[in-house]
Amino acid sequence: MANKTAVETTLNGEETTFLCEPRQTLLEALRDELGLIGSKEGCGNGNCGACNVLLDGVLVNSCLVLAPEIEGRSVVTIEGIAEDGELHPLQQKFLEHASLQCGICTPGFIVSSKALLDENPNPTEHDVRLWLAGNLCRCTGYDKIVRAVLDVAQNNA
Amino acid sequence: MAKIWIPPLMRSLTAGQQIVEAEGETVRELVAALDERFPGVAERIIDEGRIRPGLTVAVDGAVQSRGLRAAVAPDSEVHFVPAMTGGEGSLQ
Amino acid sequence: MADTKHNGTAAYDLASNGKVDGDGTGQNGYKVIGTRPVRPDGVDKVTGRAVYAADVQMTGLLHGKILRSPHAHAHIRSIDTSKAEALPGVRAVVTAADLPVAEDKIEDLGEGAINLKYLSDNILAHEKALYHGHAVAAVAAISPHIAEEAVSLIDVDYDLLPAVMTVDDALADDAPILLDTLRTDAMGEIGAQPTNLASFFRHQRGDLDAAFADAHLVVERAFRTETVHQGYIEPQAATALYSADGQITIWTSTQGSFAVRGQVAEILKIPVSRLKVIPTEIGGGFGGKINVYVEPVAVLLSQKAGYEPVKIVMNRADVLAATGPTSGSNIRVKIAVDVNGKITAGLAELYYEAGAYPGSPVGAAANVSLAPYAIDNLQVDGYDIVVNRPRSAAYRAPGGTNAAFAVESVVDELAEKLGMDAADFRILNGAKEKDRRPDGVQYARIGQIETVQAIKNSRHYQTSLEGKYRGRGIASGYWNNWGGQSSATAALNPDGTVNLNEASTDIGGTRASISMQLAEALEIGYEQVKTRVVDTDTVAYNDVTGGSRTTFATGWAAYDLGQKLKQEMKRRLADVWDVSPQDVSYEDGIFYAGDESLPFVEAANVVQREEPLMASSTVHPQDFGPGFSTQCVDVEIDPETGKITILRYTIAQDVGKAIHPSYVEGQMQGGVAQGIGWAINEEYIYDDEGHLLNASLLDYRMPTALDLPMIDTILVEVPSPGHPYGVRGVGEVNIVPPAGAIANAVYDATGVRMDKLPISPANLLEAMWAKEAEAAGKPVPGDD
Amino acid sequence: MQAFDYIAPKSVDEAISALAAGGEKARPLSGGTDLIAQLQEGRRGLETVVDVKRIPELMEISISADGLKLGAAVSCHTINANQAVRDAYPALIDSTHLIGGTQIQGRASIGGNLCNSSPAADAIPNLVVHNVSCHIAGPNGRRTVAVEDFCTGPGQNVLENGEFLVSLTFPKPPPNFGAAYLRFIPRNEMDIAVVGAGASVILSDDKETIQSARVSLGAVAPTPLLVQEAGDVLAGQPISEETLNKAADLAKAAARPINDMRGTIAQRKHLSGVLTQRALRIAIDRARGAKTVDELGRLNGHGE
């Protein structure tokens, strides 16, 4: 059995240290070592986006990051999107537009959409669809998801 | 008398008749009446005292969860149809 | 007259779409029904707090992994688990030898009639591996990584057999037999010989031969469709805790906790009273989370590992290789019309691949096939055939998409040859009340023609499509829907809120739509109802979330609870006010009798001073109305690559009464998206030996956000006469028409009639080349 | 995933030692979007993973008078966000926008795409038409290899034990230079190329004649191909439908694809011609001054 190593990181704004095996992915570490179950595994190989997190502000699949790689870096997960008990506007609009059905892909979509709006506060429908193409949803046909993101953007404008 | 639609694969037992009239207040009574006239029909429909797995009975447009005990009116129309296997629809 | 609501156009308007309308402005006299409140479980789901099956954690949890057959068809000579057992950290290894002996007998377990031996055999293969991915052994260990290593140390000695992959392979004279004891069941007449044809049935009425002979025009075509998967984003996962006293608790992602209880009880020969199934949040199902896969294995491992809890989480490759795809099929359709364009005869032959064990959805497909049309002379034949693919499971309107693709393609060709508008042809021939569906049963009030009319009148259909290699197609579809059994309880709180306990897992907002029906019945606010999905120990039996039944039947139970609570509140208030119960009335949330009046919230307190109040309801409604949908799609084809771009999509669906319009639209949009994937890219790809090649979300190509346009919805409200609020199932019928509609649009764009799914770039390019070659050389062969 | 050690060296020398010590069972980790997936799926067994992203030279992205120096581990996201690179090498952005989806681009690097050496890699034909040089470090020192010589077979390349890719250099684009990369996939995103085609041209000053051209194809041979003859046939020719057709035909002829689950021989041969012609058209447009990345995004199936 492999030895565990200690990893120091900033997780949702908090300095955090945890133990992991090098072969554990960031997704596994979040879920199994840190109790953050909001990031989901839909495929385990970067093709569904359900595990998406922000790594130093950049959108990544946490299933394709080794846990020790985040040493000294900052990670934001779905659990870190709402601030001070207030839902993020994306979370609010996803609820209002009924942008989720089963909800398993929702954390990934919200994290991805946040990354989009951070980079491009005023996206077109095409921009949204292109950016979110790595997030699979099987329930909604994306219509209400895209509308929610555009609604948030429109309120930003 | 109730009108019973005979499934095509059982019509060899009814001399090719598609629709047969029979008397009865329940599906079980209808099947018994049919079997008297066309021996062998009951065996094809009933297994261990119930409608055989994979088959369902519809009376006047509605599938009957009561099966053989389902009530039949004098002017009812009765169908024995394959269960919609493989889907949620099979769950009836 | 049907009530239609057009939601959205291609140039959509944010202000009018997805607008939250929770302020009591529902229509038709309703206060809550027809509004769009936020779902009760919503906040947990947007913040990552909702607990799904893979999220279950407990002390001492072991992790299970399953070893799967790398071969499509093989005898299992022996399994050596000694090396796996010796690996440090491994706590248990199981094979089929650990399962109780199952009888070779058909039982109805509440999730359809199934042979018990097949049910058990699909959990862990006994003598034969019947598909690539078939489970053969399982391990529990202290970490998922160790379990995975242990699985790779299990040695299985296989004796390979030829793979039987298609209808044609399976029905060949010298075909290898998958199941030694299988005999063809032809409506109760059992065949004598071993076979791969599990069953055959026929619907037939009128005089088909005469009608075809007298026809003005006949079109006959053969079609092939490939195996596809439900594609839920959450892989199957379950945790079992087998206590030393024999009580077993299972947390799982399922469409039906009672269905899990029933299957596990049967497979493991355990009384249901020893099983408690707790349904976690579920990450999609679409029919694929009715059959059990990992639950019995987790229980077995837990038992063998000294009653430590065991969690099994499938990976994506397992999901695609071993769980519920729906059938590939071969279909032949022949339809005749008279000189006025009236359909005079219809024939459909449906050959469906069941996978390794009998039970394809061909029965349902037969009823879908010609359902939208009134036809006097009709024959539909259904064949259920076993092949070396995973056991097929339900998938949204099971079997319907295949059949409708074939029929709607032929219908389109007939309309074109008659020179008729495709919508007019469907209106002329549309089925209505008192017409008969394919199995002969008469329709009650249905909305097929209304859906065609809605498409015909839509802005989409009324706007002409310009441009080369662009085309438009329409198609219709039917789904039977279902009622099923539901149980629920409601407890009144002294503050005027109501706790509603129900057991229908919520996959798409049903907690909201069920709450709304109770709120409407009690004339209280949506926010006053707290709905929870509970386990199998808490309420009585409840059928699966499937068959488009949950808002219909569990909603009916909620309505019933409302009536019961209201009645009891009146009775108790009559006692308090010293009047007779008939003198107590209830209007707009206030109880009245003579000079007395009391709002619901205060009444809730008053009536419970001496005795608490709760109600229970069990329902099994039979009078569910079927659903119809007609859809219109515009496509553009890249003639050099064969790639289809979906430009615009409009769906009209008879939804009965839309309780929560956003979730009704969501069902319609989601079903269409799945149908589009099925039509243009999704398929299981096997090599010659039956190895599944594309068991990943990279190569099993479900649509991304960039592959779809906005999907416009037209809610046609033809209330279902059987339901107190006119609810019809809305979840399934939307997936039936897309493949046919797209095939017809592709024809309009290219002149190529596709006779197979998917209409992938490679398949379409090949078909366009064949057409060019035909045009350049040989004369076009006549087809009528 | 089987157990392995994780090392994150801070210098090229440390990385060389770690890789040399690990031998066959050691691999550099860049963005990990291929490597970690391969480890997860058991397609690759390793004892040592050497994360090279803490080595400054591998994370460098700089434009000088000589051209672009791109550290092997720089993510597509970083490249996409670099306006100077977008302006000078719009065709490079064709690839960095195509590899995976947004979140894959957050990690995946051009160097990693090259070292994974898939025949269908979306970066390699693009690198080939840009005349990129690959700078390799190893126990025996440093060496430079032309990108078209880098891959030797599916998943195989010239890297020896202990060696790894440090950086790529792109020559400064000559005047009247234009390039493009296109691929065909069944979906609009998240797919492996059925065929990929890169093209670059240098036009005459009046922009009516092709002075020289390079064409490269992906997914039609065991390695990405440089189709020398397609470039040669264009040299000195006026820009016309006919010239482009000739080059497309030569590309089609050079393709030697296989049938697999992602495409058929006939389809891939055909697409080789189609995409070569389309890529050349865009390269010419860019050489003539159309340099926006957006325009290309659309042509890569990101259409509206």
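Residue numbering begins at 1 within each chain, and the chains themselves are lettered A, B, C and D in the order written.
Just so we're on the same page, contacts are C-beta pairs under 8 Å (C-beta built on N, C-alpha and C of every residue); 3 or more make two chains touch, one makes a residue touch a chain.
Please read these numbers as outputs of a predicted model, since none were measured by experiment.
Seen from the C-alpha centroid of subunit A, the farthest chain centroid is that of B.
Between the interfaces B-C and A-D, more contacting C-beta pairs are found at B-C. If you average the CA atoms of subunit B and of subunit D, the two centres end up 68 Å from each other.
Taking each chain's centre as the mean of its C-alpha atoms, subunit A lies 28 Å from subunit D. Averaged C-alpha coordinates give centres for subunit A and subunit B that are 56 Å from one another.
Of all residues in subunit A, those touching 2 or more other chains are 1, 21, 23, 44-45, 47, 130, 132-135, listed in ascending order. In subunit B, no position touches at least two other chains. Shared interface positions of subunit D, i.e. residues touching 2 or more other chains, are given as 1-3, 41, 101, 188-190, 302. The chain pairs satisfying the stated touch condition come to A-C, A-D, B-C, C-D. Those residues of subunit A that touch subunit C in the complex are listed here as 1, 21, 23, 31, 35-45, 47-48, 50, 77-79, 81-82, 87, 91, 94-98, 100-107, 110, 125, 128-130, 132-148, 150-151, 154.
Across the complex, subunit D meets subunit A through its residues 1-6, 8, 29, 31-33, 36-37, 39-41, 49, 51, 53, 75, 77, 100-104, 106-107, 188-190, 297, 302, 304.
By the touch rule above, subunit C contacts subunit A in their complex via residues 8, 12, 14, 17-18, 20, 36, 38-39, 41-43, 45-52, 54-55, 57, 88-89, 145-146, 230-235, 281-286, 313, 315-316, 507-509, 660, 662-663, 665-667, 669-674, 696-698, 702, 704-708, 710-711.
Contact residues of subunit A toward subunit D in the complex are 1-2, 5, 21-23, 25, 44-47, 49, 52, 55, 58-61, 63-66, 68-69, 71, 112, 115-116, 126, 130-135.
Across the interface of their complex, subunit C is touched by residues 5, 7-10, 18, 43-45, 52-55, 58, 60-65, 77, 79, 81-92 of subunit B.
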